[in-house]
Amino acid sequence: MADVDLLWVIFASALVFLMQGGFLCLESGMTRSKNSINVAIKNLADFCLSTLVFWTLGFGFMFGLSYQGWIGSDLFSLDFAKASPPLAVFFLFQVMFCGAAVTILSGIVAERMKFGAYLFVAVIVSGFLYPVAGHWVWAERLSRRSGWLAELGFVDFAGSTVVHSVGGWAGLALVLIVGPRLGRFDDGSGAHTITPSNMPTATLGALLLFIGWLGFNGGSTLALDETVPSILINTVVGGCVGAISAGGLRYAVNQRLDVDQFINGALGGLVAVTANCFAVSTGSAALIGLVGGMIVVFFSQILETLKIDDAVGAIPVHLGAGIWGTLATGLYGDLETLGTGLSRLEQIGVQGLGVLVYGIWTFGVALLVFSAGNAVFRFRVTEEEEIAGLNISEHGMQHESELPIVERHFLESAR
Amino acid sequence: MADVDLLWVIFASALVFLMQGGFLCLESGMTRSKNSINVAIKNLADFCLSTLVFWTLGFGFMFGLSYQGWIGSDLFSLDFAKASPPLAVFFLFQVMFCGAAVTILSGIVAERMKFGAYLFVAVIVSGFLYPVAGHWVWAERLSRRSGWLAELGFVDFAGSTVVHSVGGWAGLALVLIVGPRLGRFDDGSGAHTITPSNMPTATLGALLLFIGWLGFNGGSTLALDETVPSILINTVVGGCVGAISAGGLRYAVNQRLDVDQFINGALGGLVAVTANCFAVSTGSAALIGLVGGMIVVFFSQILETLKIDDAVGAIPVHLGAGIWGTLATGLYGDLETLGTGLSRLEQIGVQGLGVLVYGIWTFGVALLVFSAGNAVFRFRVTEEEEIAGLNISEHGMQHESELPIVERHFLESAR
Amino acid sequence: MADVDLLWVIFASALVFLMQGGFLCLESGMTRSKNSINVAIKNLADFCLSTLVFWTLGFGFMFGLSYQGWIGSDLFSLDFAKASPPLAVFFLFQVMFCGAAVTILSGIVAERMKFGAYLFVAVIVSGFLYPVAGHWVWAERLSRRSGWLAELGFVDFAGSTVVHSVGGWAGLALVLIVGPRLGRFDDGSGAHTITPSNMPTATLGALLLFIGWLGFNGGSTLALDETVPSILINTVVGGCVGAISAGGLRYAVNQRLDVDQFINGALGGLVAVTANCFAVSTGSAALIGLVGGMIVVFFSQILETLKIDDAVGAIPVHLGAGIWGTLATGLYGDLETLGTGLSRLEQIGVQGLGVLVYGIWTFGVALLVFSAGNAVFRFRVTEEEEIAGLNISEHGMQHESELPIVERHFLESAR
């Protein structure tokens, strides 16, 4: 079989898998100690669950034989021992993408949502919401006809919209249903900053995400073609500029480097170039990352003003910068490389249409389904559980440092 | 030289190397703070030591010219600057495997074993126990004749037995010699749960192990052949199902997700598919992972009942699921792909024989040699040292947070 | 484009990128909790900034058309969408190297240097100091003529000098300007050990660096040629022996394993083989690593005696072992493989000359420029800020565990 293209996509898949570690560190580090075990295990659990759901259902909806460009209709529960190597490698890459889309939600509603309810959400996103959304643009990568948005000329190379905005929109719907954490907006004088447990770990998480993004964007060619090196550099430059842009903007306002905005700026830059890194110059990637970083800062402010409590700032990153990156594809993408045959203005229009369509679909369906779910089995833990922390209330587990002194003493001295 | 097969194995080697980071995080996170530095540095130290021992001795015993199919007899201390690239790449991959086999033991006996004694154990395992065990099945991958078990038709693709059970058996022998931690079974009312220091880090560790397993299983083809994509998917599916199976089983019992059992279930699923991922369907991999996860849960209970104190639950994962995976190879493996010419029943029989043989060899020799070692220089730290913690007693080091307030104050204010 | 050589260098670039995660963990783990957020974000920030500076300026100075073998003069701010794939991949690899060189400095002066001042330093190193230094030896890898030191026959394969010593020299200059941390040498009775916040994380960091080094050294061939496998093994062996050598030496002195010296010994071994791993036998790599580990121990003692306060021990590792590795290239390198046409003695002489030249250049210019910078805007935080910690003084951020009990209570109970 030996084939450098397949090896490249396998390698890229491993990098995207590493992003799960990045999300785990980012989110558990950015949340409070009393919830950080819950956040960490959610990241592993949603990967495990969504992988199985995507294998069973999602992959078929996303890449199966297209029904009118709207939804796939075969390739469910494939036996890959009998599949062609390229198809199996393609699945490997896509299942990692699905995991990334799902895990975006986990951070947003961290610190107050039931573990079981979150798994319900993960099933909905990985089995239906994300795959159908993906079909509309990416079906042609495997299916024998294109998705309807791709046919209109909508371009989203590695998923600023398909992965990141979809995750962000679904997360926004979810956070509206679940509501803000206790104490975040409670005394009327604006938002309380909730101090994260471990920012060095969160920073490591951002770095792991950054590294993984090389695979996320670079592997989306599905071959080691000649655009890969430029894609990788655009990715790195976009992320770096995004960090400095968000960090610089905040520095200009309050004269110090906001660690979390710097981190989220990097991620915002990365999300922003995701849709277009194959079709823009290095300079354009820098510009797109620059705006992406700023959008993260502004979007964070807006959420705070609206009293929407995104525990790790994932909505500004994935939804905010995702929308920008999708539009930027129309604004700066080389038309010939985009290959849609549209004029600049038409391309911008179609990109805007795509943004709108995905917002309506994802936010709409998510709001509907999650509301229904919430009505059946309340998504949110009780106040007592939230105050106690989800480590103990959901998993009966505490950090050693939180044990009562008496018990620690017992364990240390008993024999 | 440019060769995509070699690059694949190099990449796989790096992934297996990453598993050392996984073990480090898993084990230091799952143990108490007062021992976590010791646990972490043991993971690095055993890798460094066993790598040199494997280069000097183990590689020759494992892959050297076979003496009657029992032990290799050349290739000691090779100069790889003069070796062929494929041989050097093969060594690189195998030395990482050896590191994995050794490090399995470190977690089991964490929190009460002397650092120096553990290094002695690492030398025995990497220089003799593991290489000889490996020779019996894997010699043919390099040597000019097969190991005796391979000749009988025993199949263990990537080491459910050769790596994981061997590590598990040796660890079982060691834990019997070293005994349980103080306070774990001391008051007659069953086992005390010893609260881990950092479960988010342990969860990251499990994820790094999961990612590394792509190389562990995928690289075991030693070429980017057409089975690789299916192997990778079977690996991912096996791990995911194992996690959900173990987690679900525990949930059914006590109505909440046990974080450590979920993690170990994932690892159990991964261990279980390790022997057979090249020869089973995706569905079978799911089934094998399902049972693997359950075995982890049952095996943990059994160990607790027997008052065997495995500090991180590595025996259920590596020995329990390892035995299962080896048998499952006979049960579910495609006979043609296994290529042994045996009937289904014969294959199952040989797999069972292999499990038995490895149990006797590894557990027997380990018990003998470790007992002798323990008689010469006691393996276990003193009670005072154990109570104080191995960070301070073995390395004279504490976490900053454990310093007496007076000293912290001094360091902060002194000038 | 599909080309296994390009894929190898891309993979190696990702591994070198992972070293940023290694530095982040190593340095934030080895420093105090009150500064560890600052240390972590410095590691991300210097990567982001230096990447942009290297793209804009440094790459051109390093690999542009050579002016008399002293400095490059084109290739500034390249648009890689229009560049050839090999050039773009080359840039990707080199920009990661630049990041590594810069980040060496961050640990040395941790816990007392202003964030903004450190960014100034990062710009100087990535935009000028490192690229010019690199040009002298590595220009020929891209430029149409060699650097002047390369023309004399100076050999530094993957950068024992070009990356590590340059980082170390610049760090030494910087630490002399910034001075030791409060409390480190203050009462005249020798050095106070400042207890690190998180040694398990630091150990993970060392392991990530080790893994990344496979790409650092292996990728420096810029092709998957036949020397790669031996380079990788020499790298692994050098690091392993270095750890055991430094650890063993300390053990001989004070009868216990010093965790930090073990870690730094591994890194010292890795630095030492970096210059020569392509041209020495596995046995020589072991020897070079052995001495590298010892040098780390001795160099640490010397710094302590001289009251130079290197917060993470990076000067012994990168400067000390870097000098040794450069000389060892002359001592043990296969002359034919070195390919300079010099005799053994001449080669040793030229390697010594290189060490001297880089010391003068890097230390001299760094001392000059950093002193000037320090005169304009003081590099060091105030005593009050240093005592409070840089997390709070530079970023207004604390760990959750450091919050006053009252505030934690409020956040937990308020509604």
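Read from first to last, the chains carry the letters A, B and C; within each, the first residue is number 1.
By our rule, a contact is a pair of C-beta atoms (placed from the backbone, for glycine too) under 8 Å apart; a residue touches a chain by one contact, two chains touch by 3 or more.
Computed from a predicted structure; not experimentally measured.
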For copies subunit A and subunit C, the superposing rotation on Cα atoms, rounded to the nearest 5 degrees, equals 120
Across the interface between the identical copies subunit B and subunit C, with over half of residue numbers shared counting as same and under half as different, the residues used are different
Per the C-alpha centroid definition, the whole-Å distance linking subunit B and subunit C comes out as 33
Shared-interface residues of subunit B (touching two or more other chains) are 3-4, 7, 11, 198, 201, 401
Counting only contacts in the complex, subunit C reaches subunit B at residues 3-5, 7-8, 11, 15, 32-34, 182-183, 186-187, 192, 194-201, 203-204, 206-208, 210-211, 214-215, 218, 223-226, 228-230, 232-234, 236-237, 239-241, 243-244, 247, 256-259, 262-263, 266, 280-283, 286, 334, 383, 387, 401
Per the touch rule, the subunit C residues reaching subunit A in their complex are 1-4, 6-7, 10-11, 13-14, 17-18, 20-21, 24-25, 28-29, 36-37, 39-41, 43-45, 47-49, 51-52, 55, 77-83, 85-86, 88-89, 91-92, 95, 115, 198, 201, 391, 394-401, 403, 410-415
